[in-house]
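Next, two complexes with chain A in common: one pairs it with chain B, the other with chain C.
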Partner chain A sequence: MQQGTLSKALKSGAIWGFIAFELVFFSVAGEFLSLSDKAFMDFDNMLLLLKQSAPIGIIAMGMTIVMVNGNIDLSVGATFAIAAIILLESMTWPIFAALGDWVIPVAWLLALTAGTLLGALNGLIVWKTGVDAFIVTLGSMLGFRGIVFMFNGENPTSHLNWTLVDFAEAEFLGLATASWVLLAVTLVIWFVMSRTVHGRNAYAIGDNREAAVNAGIRVGPHMMINFAIIGFLAALSAVVFYSESGSVNPNDGQLYELWVITAVVLGGTKITGGAGSVIGTFGGVIAIQLLRKGLGHIGADTSTVNLVIGLILIAVLFLDRQLNVKGKEELKV
Partner chain B sequence: MTTAPVLHLDNIVKTFPGVRALDGVSFSVLPGEVHALMGENGAGKSTLMKVLGGIYQPDGGDIYMGDTKVTMSGPLEAKAMGIVFIHQELSLAEELSVAENIYLGELPRKSFGRVDWATLTAQTNAILKKLNVGFDAKTRVGDLSIANQQMVEIARALTVDAKAVIFDEPTASLTDAEKVVLFDVIADLKADGVGIIYISHRMEEIFKITDRISILRDGQYQGTVVTAETNEEAVTQMMIGRKLDLSRNAAHHDLGAVALEVRGLSCGALYQDVSFEVRRGEVVGFYGLVGAGRTEIAETLFGLRDPSAGQILLDGEEVRLHSPADAIALGISLVPEDRKGQGLILGMNCRDNMTLPQVDDLKAGPFVAEGAEIAIFDQYRDRLDIRTPSWKQRVGNLSGGNQQKIVIGKWLSMHPNVLIVDEPTRGIDVGSKSEIHKLLRELAAQGYAVIVISSEMPEVLHVSDRIVAMYSGRITRTFTSDEVTEDNLIQAISGIKPGHAA
Partner chain C sequence: MATLTKQRIGSVLAKQGILIAFAVFMIAFTIANPKFLSVDNLFSVVRSSAILGVMALGVTFVVISGNLDLSVGSMMSFSTIVVLDLHDKIGPLLAIPAMFAMTLGLGAFIGFLVGYLRLNSLIVTLGMLSAIHGLTLTYSGGQNMDIADKEGTWFSAFGQGTALGVPVPILIFIAVAVFLGAVLSKTAFGRKVYAVGGNGTAATFSGIRRARTVFTCYLISAACVATAGLIQASRSMGSQNTVGQGLELEVLAAVILGGASLLGGSGTIFKAVIGVLILGFIQNGLLLLGLQFYVQFVVTWVIIILAVWLDIAAKRGKLWSPIA
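Let's turn to the complex of A and B:
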């Protein structure tokens, strides 16, 4: 009964320990290296960090449920770009001209619907063909990105609606709209995963698919729902981000899938499925954003950031593997 | 018998925590002999082969090759000494050529590490010619039939100076014509003075090609018999054992209506023309050797396999089962053979495992009603006496007996019509075994229709009201508990017609 408690505690607490380490490290290092004289752990800076975490964080919540379910989705970055284009472009369509600012919710709805459908399409293909989710979504990543380029070539798609920008930049209780959306999504997905039948079954399928089938669980629909959820969240992420920026480049969202997966894995979700938590993912998202910000704070450039995050990811997985191996050996005795 | 054996095992012992997997096993393989090794699943055959292959070190006993005592510290050493395995699961690189596979890891080389293709091809073709096969060194292994891939494995064995060749279920996936070719090769090896250990469950083959048979049961050596001087029944008896707990069950309680009826059910080559019925309040035991088709019938009744012919009737109405979800909805439950792989979500806690199939019915609004789940868990924990500190315990940390009770509780809590239990006590300690046997009897008394599949004769005799005997995919006989004797049951599962055997 004792086995695994230590490694479990380490695993669930590790990401928060890492975040604390980052905070201390960058605060101290910042004293010597930083070009600005503002402290790193400044309250406003932390609020900004939460806001900046939102685009990746919102998608990462969807990725958590997809990965716990035993799948993966590489197409989220491209879905993000498609949803962004639909959001900005639909506001300029003549048929909506009479709506005035009421075009905003219509555009949101269109973008979110598109994201959900694209996600569901991925899920349907994985379910009906039995092809591995990695391959299916690798294909749709390329395909969706192709659609983005077909739409407007290399040119950006832009549309600024000031009402929309005001909404996106609004703050409530000190938190930006994007931060609220991230927190709300985290809460909702946490409820879905820990309190609903769908969440329970997603864990079961990811842990032991055969036993789940033998318990009468219909695996396909659950997988499809999860892909629809992540598609919706990729679109929601785009809605939040582009309501403020008003311009989307055809390359936007590239590599998002990798950042998202990195955050989810850092947060303790197993790549093979069956284990993981939304709270851990939230920690992973914050940890990555802290690292990016912190390295920037001490004067490192973007390429250094990527190198360091890459190294940390491998180190974390290696550590996790060592802990798991130890746990198993204890079990044998 | 003056020649020294190529391989002699003397009193080999191998223990694992809590299990004596091999308990004093001794036998010899003579040069030019085909020696069968038989035993039911769990008898210790694979452990013994792993000892011979150097994968396990024995805890006691000696291995001799010729007159010298040897120790095998690893697979490479075993191979170097001339002990070669032809495994049931082929381990070939499908994308590589036959020659590359045969000399994998030992490719002949030229300067700068280049492969010496000419020598490689020539050597390989020489071996292939000896085996008289219809493909050459350059063929891609993935393009070969299973039988020919097996020939590649055998060819690989011939590259070393093999003294003992061990075939593990070699005919499992071969057609009859392919078997003939394999048996020819075995005969050639035999003629060359190689000692052959032949592991198989198939009696026909054993009696056709082997010279002697050694039998294991529960890790213990049961003896060696000369094939020509024995018969299938005697061998089966040695495999199963006669030290039976004769506490039989007699059908005491009243039987209810027919809950499940199967008519003429077939599933390809797995089983054919199977018909039986199970009444409420009755335990029907399915008994037969491994591969007789029992588990496959259970899987069909649970919607995991589509039958190729026949009907399944539930309470007199024909049903079609395409998935476990269909079966569960109709009240058919399966406690599978492989508890950990097929029955449980090991990373989940006890409560969640127990309520998994019905969690959708236990909702309060959009959320799972955890209170209702805990109530169900508590009820079945008490009823089945599941020993766990709390429902929060991960199922993977429970003992085998308690895990099995969780799986049984999972289905009982859904009040099924038919409960199918495949190997109810495999890997479970003796105390929990008798508890589970008692439970199965109680369930029948409460009016459940129960099917028990077991490879243990005492278990089948003990829990069943009727026993269905199977041999090679067919029902050979159905016994009531009054009719059944060990002898006629053994005959029925050995494929011997009543009155035919002496």
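Let's turn to the complex of A and C:
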């Protein structure tokens, strides 16, 4: 029993230990290797890091719910791109011309609605057909991306609205808008997962679907709501990011699903469902961004970042297995 | 009696659904545009599907054994870059086996992690997708690879040559498919792959070495990826670092279309080939109909979900999922 709590504490603390290790390592290594004089653990640098974590981080919160629920969503990158195009394109529609800058909230609303509906569509298909979420979202990942390309071919969609850019670049109490959104989303999803019936049911369904059904939990609607949430968050991530940049390429968001899943798994969520925490995911998101920034700080290029993140993901999986030695009933082959 | 026939029709439809769908597509496209069924067009479709197809054959083994392989796309980029680089350094005769050895090494590493250490294959190959991409970039220094003397080498034969009037990529695809089809359906190893994927614990109790079987499946997958990389390199004689990016999902789509279950234990090489051809012919047919290139992705989306849905609906005997 005691060992159980110990390994649990080790696991939930592991990601923060890893972050601390990264901070120390890059600070020390930076002294010797970095080309710039600035210290790595500079306060402004850390604030920038939080802002840069936002696009992946916001989606990762949704992925945590979906994975705890025992599903997965591979289509988030494509949903992200669709929402971005709707956001930028709808601001140029003639019917909204009379609105002036009031077009901004309308565009936001349209993009967020589209994301929510696309997510709900995934959830509805998973629920009603019983096809595995991996296959359903693999398909919609191709389909949604096809829609993105059908809209404007290989060309970027651009529209710059300076009021919008000012809003996105605004800072409040030292934090950029994107950072605030990330923190708010983390807080809300944390509340949903740990303080509401819906959250408890998500854990129950992911842990043992049969038991959840027998306990009278309506599995289908819960899954659909969770897919709608991740669709909404993918769109929100696009809204935050493209309010500032004002131009979207049809390839944008590709491989986001992989980054997001990496962050969620690093944060300790089980790929088979039933276990995971929003705070852990937040740690995973920060850890990945630290790694990217830190490796850049000591002069490594993107190729090293890819290599290291891939190997760390595998190492985490291995350590996780070693910490959860149930082994006795399992066959050693 | 009537219900019995109905059920029978239903189960035939579900079991052979993918073949029926294939036939319907071929007929519809032919009616819409007679050029569709011309020999030239058929060859060009199969030739351009060959790279995806060879990779799908290997992934079929992995999927039947109850695992996933998301790393094949970035592994294909790796082997393409390596063989192009080594071609100019040590000559094609040595470059090809060296590239195969390196790619098999990567496959062995994944096989060790998934087979012997029993780590989750989705996460392991997701990690390897990223890691191998990094490895490729490190190897090439981020540069595109080109063969300097494109005319004076026989290396182009694998991708551009023809033998007996048939393009070589098609011949390679057929040869690999026939060989792996025989391995899967006619050998003891093939039966072990199904056993391990169908019920790993039962297979272990009946004396099958699960770890070794899974390990071998990943080696087969890596060998197929190396072959695909060879065709790709030889066809273009030069390449970017990201040539295989995203292919892992198209490969998986083809394998799933062919009716292999992601839970393992079912699927055949023949149906995987049909899955690959369906993807290829849909793309080609939609283009001949004058539709935009990107429409194929939306069509593929619908077809994948319909194919898997009908498959499991037939197994459970109900169209709609019983989930409340």
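One rule holds in what follows: the second predicted complex is superposed on the first by the 324 of 333 C-alpha atoms of A that agree within 3 Å, B and C clash if a C-alpha of one lies under 4 Å from a C-alpha of the other, contacts with A are read in each partner's own complex, and residues count from 1 in each chain.
Everything below uses one rule, namely that contacts are C-beta pairs under 8 Å (C-beta built on N, C-alpha and C of every residue); 3 or more make two chains touch, one makes a residue touch a chain.
Quick caveat: nothing in here was measured; it's all calculated off a predicted structure.
Peer 1: In the overlay, answer first, second, both or neither for which of chain B and chain C A:Val213 touches.
Peer 2: After superposition on chain A, A:Val213 lies in contact with both partners, chain B and chain C.
Peer 1: Mind working out whether A:Thr302 is in touch with chain B, chain C, both or neither, as first, second, both or neither?
Peer 2: Only chain C is touched by A:Thr302; chain B is not.
Peer 1: For A:Ala275, select first, second, both or neither according to whether it touches chain B, chain C, the two together, or no partner.
Peer 2: Once the two structures are laid over each other on A, A:Ala275 reaches chain B alone.
Peer 1: Of the partners chain B and chain C, which touch A:Arg200 in the superposed model: first, second, both, neither?
Peer 2: Only chain B; A:Arg200 stays clear of chain C.
Peer 1: Now for A:Gly310: first (chain B), second (chain C), both, or neither, which partner does it touch?
Peer 2: A:Gly310 contacts chain C only, not chain B.
Peer 1: After the superposition on A, what does A:Leu142 contact: first (chain B), second (chain C), both or neither?
Peer 2: In the superposition, A:Leu142 touches chain C alone.
Peer 1: Name the contact category of A:Asn45: first (chain B only), second (chain C only), both, or neither.
Peer 2: The answer is neither, since A:Asn45 touches no partner chain.
Peer 1: By the touch definition at the top of the document, which applies to A:Thr163: first (chain B), second (chain C), both, or neither?
Peer 2: neither
Peer 1: Contact-wise, after the overlay, does A:Trp127 reach chain B, chain C, both or neither (first, second, both, neither)?
Peer 2: A:Trp127 sits against chain C, while chain B stays out of touch.
Peer 1: Comparing chain B against chain C, which has contacts with more of the residues in chain A?
Peer 2: C
Peer 1: Is there a shared patch on chain A that both chain B and chain C touch, and which residues make it up?
Peer 2: Dual-contact residues (chain A): 213, 218.
Peer 1: Flag every residue of chain A that touches chain C in the complex, lowest number first.
Peer 2: 74, 125, 127-132, 134-136, 138-147, 149-150, 153, 213, 218-220, 254, 258, 261-262, 265, 271-272, 301-314, 317-318, 321, 331, 333
Peer 1: Which bits of chain B are touching chain A when the two form their complex?
Peer 2: 17, 302, 304, 323-325, 327-329, 334, 336, 341-348, 352, 356-357, 359-360, 363, 366-368, 389, 393, 397, 410
Peer 1: In their shared complex, at which residues does chain C touch chain A?
Peer 2: 113, 117-120, 122-124, 126-138, 142, 201, 204, 209-211, 246, 249-250, 252-253, 256, 262, 292-298, 300-302, 304-305, 308-309, 312-313, 316, 320-324
Peer 1: Going by the contact rule at the top, pick out the chain A residues touching chain B in the complex.
Peer 2: 1, 3, 191, 195-197, 200-201, 203-204, 207-208, 210-218, 274-275, 332
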